[in-house]
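Everything below concerns the one structure shown next.
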Amino acid sequence: MSSGDRGLNVGVLTGGGDCPGLNAAIRAIVVKGERRYGDEVVGFLDGWRGLLEDSTMALASATSSELVTVGGTILGTSRTNPFSVDRGMDRISQTVSSHSLDALIAIGGEDTLGVAARLWEEGGIPIVGVPKTIDNDLSGTEMTFGFDTAVQIATEAIDRLRTTAESHHRVIVCEVMGRNAGWIATYAGIAGGAAEILVPEEPFEIDEVCDRLRKRHNGGKFSSVVVIAEGASARSDSPGLALGGSQGGTPAGGMDEFGHIRLGGIGSLLAEEIERRTGFESRVTILGHIQRGGTPTAYDRVLATRYGVAAIDSVHTGAFGTMVALQAGKIVRVSLAEASGNAKTVDPELLHDVAEVFLG
Amino acid sequence: MSSGDRGLNVGVLTGGGDCPGLNAAIRAIVVKGERRYGDEVVGFLDGWRGLLEDSTMALASATSSELVTVGGTILGTSRTNPFSVDRGMDRISQTVSSHSLDALIAIGGEDTLGVAARLWEEGGIPIVGVPKTIDNDLSGTEMTFGFDTAVQIATEAIDRLRTTAESHHRVIVCEVMGRNAGWIATYAGIAGGAAEILVPEEPFEIDEVCDRLRKRHNGGKFSSVVVIAEGASARSDSPGLALGGSQGGTPAGGMDEFGHIRLGGIGSLLAEEIERRTGFESRVTILGHIQRGGTPTAYDRVLATRYGVAAIDSVHTGAFGTMVALQAGKIVRVSLAEASGNAKTVDPELLHDVAEVFLG
Amino acid sequence: MSSGDRGLNVGVLTGGGDCPGLNAAIRAIVVKGERRYGDEVVGFLDGWRGLLEDSTMALASATSSELVTVGGTILGTSRTNPFSVDRGMDRISQTVSSHSLDALIAIGGEDTLGVAARLWEEGGIPIVGVPKTIDNDLSGTEMTFGFDTAVQIATEAIDRLRTTAESHHRVIVCEVMGRNAGWIATYAGIAGGAAEILVPEEPFEIDEVCDRLRKRHNGGKFSSVVVIAEGASARSDSPGLALGGSQGGTPAGGMDEFGHIRLGGIGSLLAEEIERRTGFESRVTILGHIQRGGTPTAYDRVLATRYGVAAIDSVHTGAFGTMVALQAGKIVRVSLAEASGNAKTVDPELLHDVAEVFLG
Amino acid sequence: MSSGDRGLNVGVLTGGGDCPGLNAAIRAIVVKGERRYGDEVVGFLDGWRGLLEDSTMALASATSSELVTVGGTILGTSRTNPFSVDRGMDRISQTVSSHSLDALIAIGGEDTLGVAARLWEEGGIPIVGVPKTIDNDLSGTEMTFGFDTAVQIATEAIDRLRTTAESHHRVIVCEVMGRNAGWIATYAGIAGGAAEILVPEEPFEIDEVCDRLRKRHNGGKFSSVVVIAEGASARSDSPGLALGGSQGGTPAGGMDEFGHIRLGGIGSLLAEEIERRTGFESRVTILGHIQRGGTPTAYDRVLATRYGVAAIDSVHTGAFGTMVALQAGKIVRVSLAEASGNAKTVDPELLHDVAEVFLG
């Protein structure tokens, strides 16, 4: 059952948005593959594009211990989807053949793993998945690496914003990442002691937000930090206001590929509305890309390393079509189909029994 | 079943070594208790001593959101054990009575929770436990708060030590906390890309350590960071060397109450032995108390907050004699007896299938 | 000459934008004033408004050593200008009299110190100034506190942005504070290894920026971090583009009191233009208020402490109408008039002989 | 006067203890040398040893912007002194000749620059010096790079130690680097709000230290952080105690090459004495090598970059026998002889007029 007795040819790629921990996962795959199994590991550049175009890099340097500290991915990444490309699956099969690959390890989020699932199911390409997303919204696993780092960065930002909000008696809106799920907002909001936490899972009512801020103000707290996920939206019946999100139709202010339009998004609209309705001086800070770059936290380095180790182990036990996952502190395997299914939204218990208690 | 219909009188204390997240847990208890349940929460000072001597503090200030960022415990702490004190249990019962306490929440590690278990079992005092230890060696829970912060601090230290080790072509031994379990050493060692990870769970052979370092050196890596838990020890048959630990008899160099004798402990001996045997210039850094103080990571703030919330919930469902715990991402309850039983040592899988792969 | 033989009544206020180190300065004034001179120090709330409205706070708590770690100002701040208020100077004089103040210490930037200069010159109010601004653009002093912290935060952000830029082969524009001077952009750009540094002092030519980025790209560097000060602007003859700034007429995108319009400012326009002209995928991150909040760096704590000490010393030597300043490593005194004069712009040598060398 | 019209052959080395910023300085020399002057820059490995043994490395990679974030030195370092080696100067001259070097840039502290001064004066070797030391005790310059990072790390440690000291009502002694001068102790002590700051410049009286701690304790502050430089010592007439240092004769506890003996040094002795004399529970933490490794602060990156740029400029103006230095915010040149003369000890004004005010 195990192919451990001979070295294998293994390809590895990283797809989708970059996130802290990718390099730790790559290193783990290479080190365990080469040292323990005698494998030959080759890196494909820029996600699926590397397989479509057969662009590769050698991974000898990936064994260095410094690599665990480096953010991003040495393999590069892209959002290229082979199923949107002419003869995509054929071209990938051809690359797999020409490199005599025994297996492919795809590190990515919902999109990347969805492609991986189809390549395995439809094309029989022997693939193992590794989950990553700073949003933590992947099903089948308790935690994805990148999330802890994003939460830590957002929390440190909230810590900083709190003191300036206090000095100026302001409301400061802090927009964090999370288009479909509010994990970062919920965790960073709890960790940072936010006055409001607004998430995509539960459209908010602007009047209720303002009422709570007024009540807080009347209680002697003249400053507030409001954490909002970029994908949060106001309820459609919010009188006199259409605060969109990425879920409910057109996003607020439109959204284009430059990012600067998103900067006129939900956080900015919210700050403006709060000031208009309450008269409290309000500001907005949109954390943006600093949430996804740079040195990973120790937690993410360890999780990514464990995932990388388990992925190369999966290759050697022939567990194709599966993704490594964290459940109850253990690394397990779940099917790629399960993983790339419905997004994992924030536990309502965490929102209502925990986060809500501290609001206002 | 629920006592939610009326406010209760609840006492809270923190015992044992301090750790990051204690204040977040205290805040959660106070905020949810007072806002949701109409409770009156009183703080007892310096662990069990506060109950023995009836020294208390009001906790109104504990509701402030800044408190989540503050390390240590506003209640103070001590290692006072009421069962080592004349009429200890009686005096505690008396304090409980005189304050008309409906419940007591004890936040602590093995010792504090062991006392809590006996007070409930032998004295019928209605107690709920909250687990904390930077060592993460408590049974019944996947994670204790304080651990993530300690690992993060140790990892940042290793990141720093790596560059100075490289510049000087040195071996640097980094001694981290962990008397009975090597969780911090294992996590920080993996996260920091250590060349060696030595833990109390598996006594090491000094010759093997030196052999691996020599091999590493011969392979062109002229510097190494060796992470060792303070409680690690050399195998008794280690020729020509008795490197103790806190487990195997007399600790190396003796250990007294000033901490400075421990500074002549296992890490220093190890560095000296490595230099003597290999000829590689070696240094030691003992991280000490910086691992337990200061601002908690976001992870620890969230975990401590969830524990605090669950503890006051436990009080209101009358779940006395239990401790809140993390299992599979959910907060659950386990019996205090289970929690204060055998120490949870490092998962052998993590040591052998993960950490070992990267050594050398 | 010295009034050290008896304690004085001293008022202190903080005005303008908050910045890291204000609390360290307040603490230094209180501790040295009360302990060394037997002074009574009273705090006025929210800048000049506190003197206009006689709203004060006792400063006993200001002696705590923890205060050095806390961002913002415990006194609150505002941009209230007494000379824009009916009978402003009279009302301030009256407050000074009613508290029998022997002196007033005003901690602030250009505006606050400009007011202080007039109150001394025109009203004879005995004032000593302490310079603060994260922008470092005050004349008469080599360094203002708050600047080092802002640069450190911006540099850490650039470190993070660099890895995500590399992974995605993107240009990332990072907009930092600095309306009239590009100190933060220059320092953080040098420290972060930026590909471009754009400052208000020297309007840029968009074509030249794009040419350098293309050249860099052709040289094999497919990602770039571009640092731009919020007050930077394109040259008026920049063909086909009017990239404003806060100096050259109408700011890009307009600017209102919510901050969110500024978020559509120069950084966003620049990212859009770069992508449009070069075809390189571009993004923007606007650091905003996180640059001014939170725990100060050690450097800023020490500088603020030295300033606070020197300010209370100035009070006791009767050096009214002066501001404390840093020159050649020593704390000296300069006239308030000098300090609140022309803004100190970035040393051209630093821009041309240092920063420029690393661009592209 | 300028040799800018043709490229030169320039050698660069780093000597003495490593420190944050060395790589930024190396990068600046290479980038400005190669891009602006058309120089060829070669790196010599491990300080003067590289010149003695003609061991070099190419510096193409040194132009990467990531290098500014990396601690230590890619050139390696050592304490090798060519004047303690047979025919040292001759061998260096020979290496200089064989590489047709037009100039040598030596980055180092007192020892390295002292050697540089002699090589220039006695051997006519065209050398330019760049000052670095985390101790900041070099004459001729206001600041050396590495110092700001060391202070920041020590301050963050003190911030952490303060909360654990408070929770346990302890005295915590924090031993920081500084054998001959107490700059780190003074700056970090002020920045961290220490209760005591003990430096080599002024031997302390143990009874006075204990008296102040008792007085502080009686005033209601039951915890204290005491910062002590490794080179501090007790006054010889300190009754019943001989607390040595590196200045006054035999260092406490002896000092050997493993570092572990130094761990039984002044900090540990002090904690023990404080506990013995006052009865206050005391602990010690010795920060050690984490003070010199890892990512430099933004301040140090900028200073090191400016020094590197100025050094290669000095080469091209033929300013041999000089060292670049910081004076009044400007980079200037001083003679190597001046720089390697008497150590720069802490400004008494800073100790007495500032630091002392906050003690107790």
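Each chain gets a letter, A, B, C and D, in the order it is written, and its residues are counted from 1.
Everything below uses one rule, namely that contacts are C-beta pairs under 8 Å (C-beta built on N, C-alpha and C of every residue); 3 or more make two chains touch, one makes a residue touch a chain.
Keep in mind that this is a model prediction, so the values were computed, not measured.
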* Asked: Roughly how many whole angstrom separate the Cα centroids of subunit A and subunit C?
  -> 34
* Structure fact -> For the pair subunit A and subunit B, the C-alpha centroid-to-centroid distance in angstrom is 30
* So, what's the distance in Å between the C-alpha centres of subunit C and subunit B? -> 41
* Structure fact -> Note: subunit C residues in touch with at least two other chains are 156, 159, 162, 295
* Line, ring, star, complete or other: which describes how these chains touch one another? -> ring
* **All touching chain pairs, where touch follows the definition stated at the start** => A-B, A-C, B-D, C-D
* Structure fact -> Within the complex, subunit C is touched by subunit D residues 28, 31-32, 35-36, 64-69, 142-143, 148, 151-152, 154-155, 159, 162, 187-188, 190-195, 295, 297-299, 301-302, 305-306, 309, 313, 327-329, 347, 350, 353-354, 357-358
* subunit A partner contacts - residues on subunit C that touch it in the complex -> 14, 17-18, 22, 46, 70-73, 76-78, 153, 156-157, 159-169, 172, 257-261, 263-264, 267-269, 271-272, 275, 281-290, 292-295
